[in-house]
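These notes are about the structure you will find just below.
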Amino acid sequence: MLKIFLAFVRKETFHILRDTRTLVILFGMPIALVLIFGYTISNEFKGASIAIVDEARDALSAELIAHLTASGHFELVAQPPDMAGMEKAFQTGEVKLGIVIPAGFEQSFFREKRAAVQLLADATEPNYATTLTNYATQMITAFQQEQGRVEVLPYQVGVHIQMLYNPTLVGAYNFIPGVVALILMLICAMMTSLTIAREKETGTMDLLLVSPLSPMVILLGKVTPYVVLSFVNAVIVFLLGYLVFDVPVRGSIVLLLVLCLLYLMVALGLGVLISTLAATQQTAMMTSLFTLLMPTMILSGFIFPIASMPTALQYAAHIIPAKYFIEIEKNIMLKGAGWEAVQFSSLVLVAMMLFLFAAAWRNFKVVYD
Amino acid sequence: MTAASQQPAITATGLTKKFGDFTAVDAITFSVAQGEVFGFLGANGAGKTTAIKMLIGLSHPTAGSATVAGFDIATQREQVKENIGYMSQKFSLYEDLSVLQNINFYGGIYGLSRRQIKDKSAEIIERLQLEAHATKVVGSLPLGWKQRLAFAVAGVHDPQIIFMDEPTGGVDPVTRRRFWEMIYAAAEVGTTIFVTTHYMDEAEYCNRISIMVAGKIAALGSPRQLKDDYEAASMDEVFLKLVRD
Amino acid sequence: MQRLLFIIQKEFIQIFRNKGMLPLITVVPIVQLIVLSFAASNEVKDVNLAIVDLDHSQYARELVHKIEVADRFILVDFPPATRHGDERLQDGTVDIVLTIPPDFEQDFFKNKGAAVQLLVNAINGQQATVGAAYLSTIVRDFNQEIQQDVLPVRRLAAGAPRIEIASSNWFNEELNYQYFMAPGIMGELVTILVMLLTAMNIVRERELGTIEQINVTPIKKWQFILGKMIPFLIVGLILLTVGLTAGKLIFDVPFRGSLWVIFAYCLVNLAAVLGLGLFISNISDTQQQALLTTFFFVIIFILLSGLFTPIESMPTWAQYLTVPNPIAHFVHVMRSVLLKGSTFGDVLYNFKVTAVLVVVFNVLAVSSYRKVV
C-alpha cells in the first residue's frame, strides 16, 4: 500500500521535475514577488511633479517657489499661465499638484500680515492627493515661519510615539507573511486542482481509478509533491525575508513550520475540492483564480487593511484561510508569541481543513461511483 | 480510369527522418497508385507515424524527397494540404461542438462554399445515419461513431488522398468492419487511402501493404504476394517472421 | 477571409457551449469589480485604540473625550495599567495604546514638558504612521485649546504674518476611493481575463490533439491566429462594456471623457495582450505550464501597474518596468479619461507605447506558431 503510494508520488515528482520551465516559475515567482514587494511597492511619498501659476511675480513668490523646489521633493515641470492651462497639465498626467500664488502676494504678507496660497491636488487618487497636500502645507508653513520669525509658545504638550514590533516601519514585516500565504495558496491549491483536472480531461484519471488503490490514496499521491514544493517555497521566502529584509522569527520556528503545514492542508483541501467540481483545466483555473487567488490577495489584509473595508467585506474576510494564517505568522515571527496567542487561529484552520476534506471526499465519490 | 491515374498518388524516395542520433525513418522508397488502399504496417515505434507526418507536412524530412498528389512535400506544402485529408491516431474532432458544427467548421477551413457545406453535411449525416444526433455534441457519441464521423470529416473536401494513422484503435471488430466498408466506398470513387495499422487482419483488406521494421521498409507487396513470399498462412505469420529476423 | 470567419464562429460556439466558463467571464468579473473596488482601499479608519489614563484629571478626561468624538478611532478599552495596554497590543485587539501619565495636568500647568505616550503596533507601517499622525493632530489641537487657559490673549494673537493655505481636490472632491479604484480594476480585469483565456487556448487544442487536424489543412498561419484573436477581442470589449455599466450604476463613477477614447484604447490594448497570450500558448506544452507562465506575468504586471500603489512611489528602475506593461497603460487611460476627462491627445503617449507592444507581441505570436516540427 505504502509502496504503491510512493510510486505515485515518484511518478508525479518526475512529471514536475521534467518540466524545467514550471520549476523555474515555481521557484522564481516567490523570489520575484518578495523582491517586488520589498523594493517597489510602497505608498511612501518620494516626490512629485508640480505646476505653479505665479500671478504675483514678486520677490517673495520667487522665494517660495525656490523653497518648494529646493527640497528635492517637488519638481517644477510646468508654469501654466492660467487655470485652464493647469487643468490641461492634470489631464495629461504630467502634474499631480498645482500651486497658485495670487497677485500681490508679497504685499499682503508683509503689510496685511495675511497672504493666501491655493493648493490644487489631482484627487483621482485620494491618498496620494492628501499626502501631497500635507507635504506642501508643511513646507509652506515652514517657509512662513522662516519669513515671519514666529516665536514658539510655552506650555506645549508633547507626543512621544513608540513604534512597537517594527520600529523602523519596514514594509517587509507586513508583506513577507502575506507573500508566504499567497504562494502557498497559489502553488498548493491551484496546481493540485489543475493536475487533477488535467488527468480528468485527458482521460488518464480513469486509468488510475480502476487500479486496486483507493481513489483518495491516488489523489494524495498526486498532490504530495506539490505540498512538498510549496513547503520548500515557504521556507525560501522566510529565508529571503530574514537575509535580505531582516524579517526575524522571534517565536518558535518549529511551531511556525507546523502551522505552515496546517495551512497547506487547508489549501490542499480547497484544490482537491475545486478539481472535483471542475471538468476541464480551464474551469479549474478560472475557479481557482477568482475564488482563491484574488480573495487571498485582497481580503486577507495582506495588501489592504481589513479594518478599512465595508462591514460586509470584513465579515467575508473571516472565511479566508489566509487571514488566519497571516495572523499566525505575524504573531509568531514579529511578536514572538507562543501557542496561546495563535491557538484560536489554528483551531479555525483545523476546522476549515476538516470541512474541506469532508466536502472533497463527498464530491469525489459522487463523481466516480 | 483517367489519364491522370497514370501518375502515382504518392511517391517517396529515400525519405529519412532523424531525431538527433536516432533514425526514426531510414531512407524509405515506395509509391502508391491512385485509388489504391495502401496499408502501412509495423510494430509500435517502427516509424509509421513519423513517416505519415512527413507526407502530410507536419514534419520536415531530414533527407530524401516525396510527392503527394503530384506536389513536392518540401516545396509545395500548401498545395499538398489542399489535396489531402487526415485522420489521426488521437481522436481529433472538437468534442464540445456538435456533429454539424464540426462538419461546418472543417468544411469552412477547407474553403468550401456555404452551399457545398450544406450539401456535404446532409450527405454525411445520411451516410452515417446520424440524423438523430446531428445537433448533439460529438463528445456524447460512442467511439465507433466518432471515428466514422472523423473519417467523413477528413474527406469533407473530397481530397485525392486520405491519410489515416491507426484509425481503428480501441473499437470492436463489428465497428471496425463497418469502418472498412466506408474506406472501400471512398476508394471506389477514386480516393487513394494511406492507412497505418497494427491489426494484421486489417492488412488483408488493403490492395498493397508495406511492413516497416526499425525505420526501414522490410517488405512491400499485395497481401497474397507477401504470404507466398514468406510461406505464411496469414499476415500475422508474415509479420512475426519479419520482426524476428 | 471566409476561412477566418469559420474559425471565429467555432471559437464562439466553444466559448458559449462551456457551461462552467460562461459565468466565469460574466458574473465573476462583476463581483470582482465590486468587491475589489470596496476592499482595495488604503483609507485609514477604525483604528482600534486603548487609553491608559493614569492622571484622572480634568484635562485628561477632556482629551479622551476629544479622541472619542473623532470618527477614525474605536475606543475598545480603558485598561487600568500600562501592563494591560501592552497585553492588548500583543494579542492584537488594539492597534495603538495612548498613555496619559500621572501628573499630566500638573506638568502642563508648571510648563514642565507634559507629554502623552503612544505605543503603536507598527507591523502594518501605513496604518501605524497614519493612525499615530491623526492622534498627534488631535493632541496638538487640544494643546492649542488649553494654552488659552494659561496664556494671555495678546500672546496668542501673535503679530507674525501668516500664509493661509486653501487646498482643493480636483476631479474627486469628496476623495471617493471607489472612483479611483473601479476604473483601474476594470482595466486590469479585462486584461487578465483575456490574456488567460488566450494563453490557455492554443495549448488546449494541442493537448487534446485537435491542433494536428488543423495543421494538415491549407489554412494560413495568420488566418488561424487572427481567428483565435477576434473572438477574445470581442469578449474583452463586452466585458469592458459590462464593467463600465456596473461602475456607473454601482459606484456612480463619473464619465468625464469620451467613451470612444476608452474603447479605442481597449481595442489596441487587447490586441497587445492577445499577442502576448498567444505567444505564451505557443511556447507552452501544457495548459498548466501556460497558466503558470501567464500568472507570473500577470502578478508582476498588476503589482507594477500603479493600480494599488502609485508609480511615482516606485524606485526609478521599477518605473521603467512599467513602460512595457499593458496593464499600467490601461489603468492610466481608464483613470485619466473617466475621472479627469483627458482627451485622445492627452493619452496619446499610452496609445503609442501600446501600439509598439502590439507589434512586438504579435510578431512573437506569429513567429512562434509552428505548423511543422
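A few notes on this one:
Think of it as A, B and C in the order they're written, each chain with its own count starting at 1.
Following the convention adopted for this analysis, a residue touches a chain if its C-beta (ideal position, glycine included) is under 8 Å from a C-beta of that chain, and two chains touch if they have at least 3 such contacts.
None of these values were measured; they are calculated from a predicted model.
Path length between subunit A and subunit B in the chain contact graph, taken as the least number of steps between touching chains: 2.
Between B-C and A-C, more contacting C-beta pairs join the chains of A-C. A straight line joining the Cα centres of subunit B and subunit C is 56 Å long.
Between the Cα centres of subunit A and subunit C there is a gap of 11 Å.
Residue positions of subunit C touching 2 or more other chains, listed in rising order: 18, 208.
By the touch criterion given at the top, residues 18, 20-21, 24-25, 28, 31-32, 35-36, 38-48, 89-92, 108, 111, 113-129, 132, 135-136, 139-140, 142-143, 146-147, 150-151, 155-156, 158-173, 175-177, 179-180, 196-197, 200, 204, 207-208, 284-289, 291-293, 295-296, 299-300, 303-304, 308-310, 312-315, 318, 332, 335-336, 339-343, 346-347 of subunit C touch subunit A in their complex. Taken together, the subunit C residues at the contact with subunit B in this complex read 2-3, 5-7, 9-10, 13-14, 17-18, 208-210, 212-219, 371-373. Note for the complex: subunit B touches subunit C at residues 53, 56-60, 77-78, 81-82, 84-86, 88, 90-97, 101, 104-111, 137, 163. On subunit A, the positions that touch subunit C within their shared complex are 19, 21-22, 25-26, 28-29, 32-33, 36-37, 39-48, 87-88, 90-93, 96, 98, 109-110, 113-130, 133, 136-137, 140-141, 143-144, 147-151, 153-167, 169-171, 173-174, 186, 191, 194-195, 198, 201-202, 278-283, 285-287, 289-290, 294, 298-299, 303-305, 307-310, 313, 316, 327, 330-331, 334-335, 337, 341.
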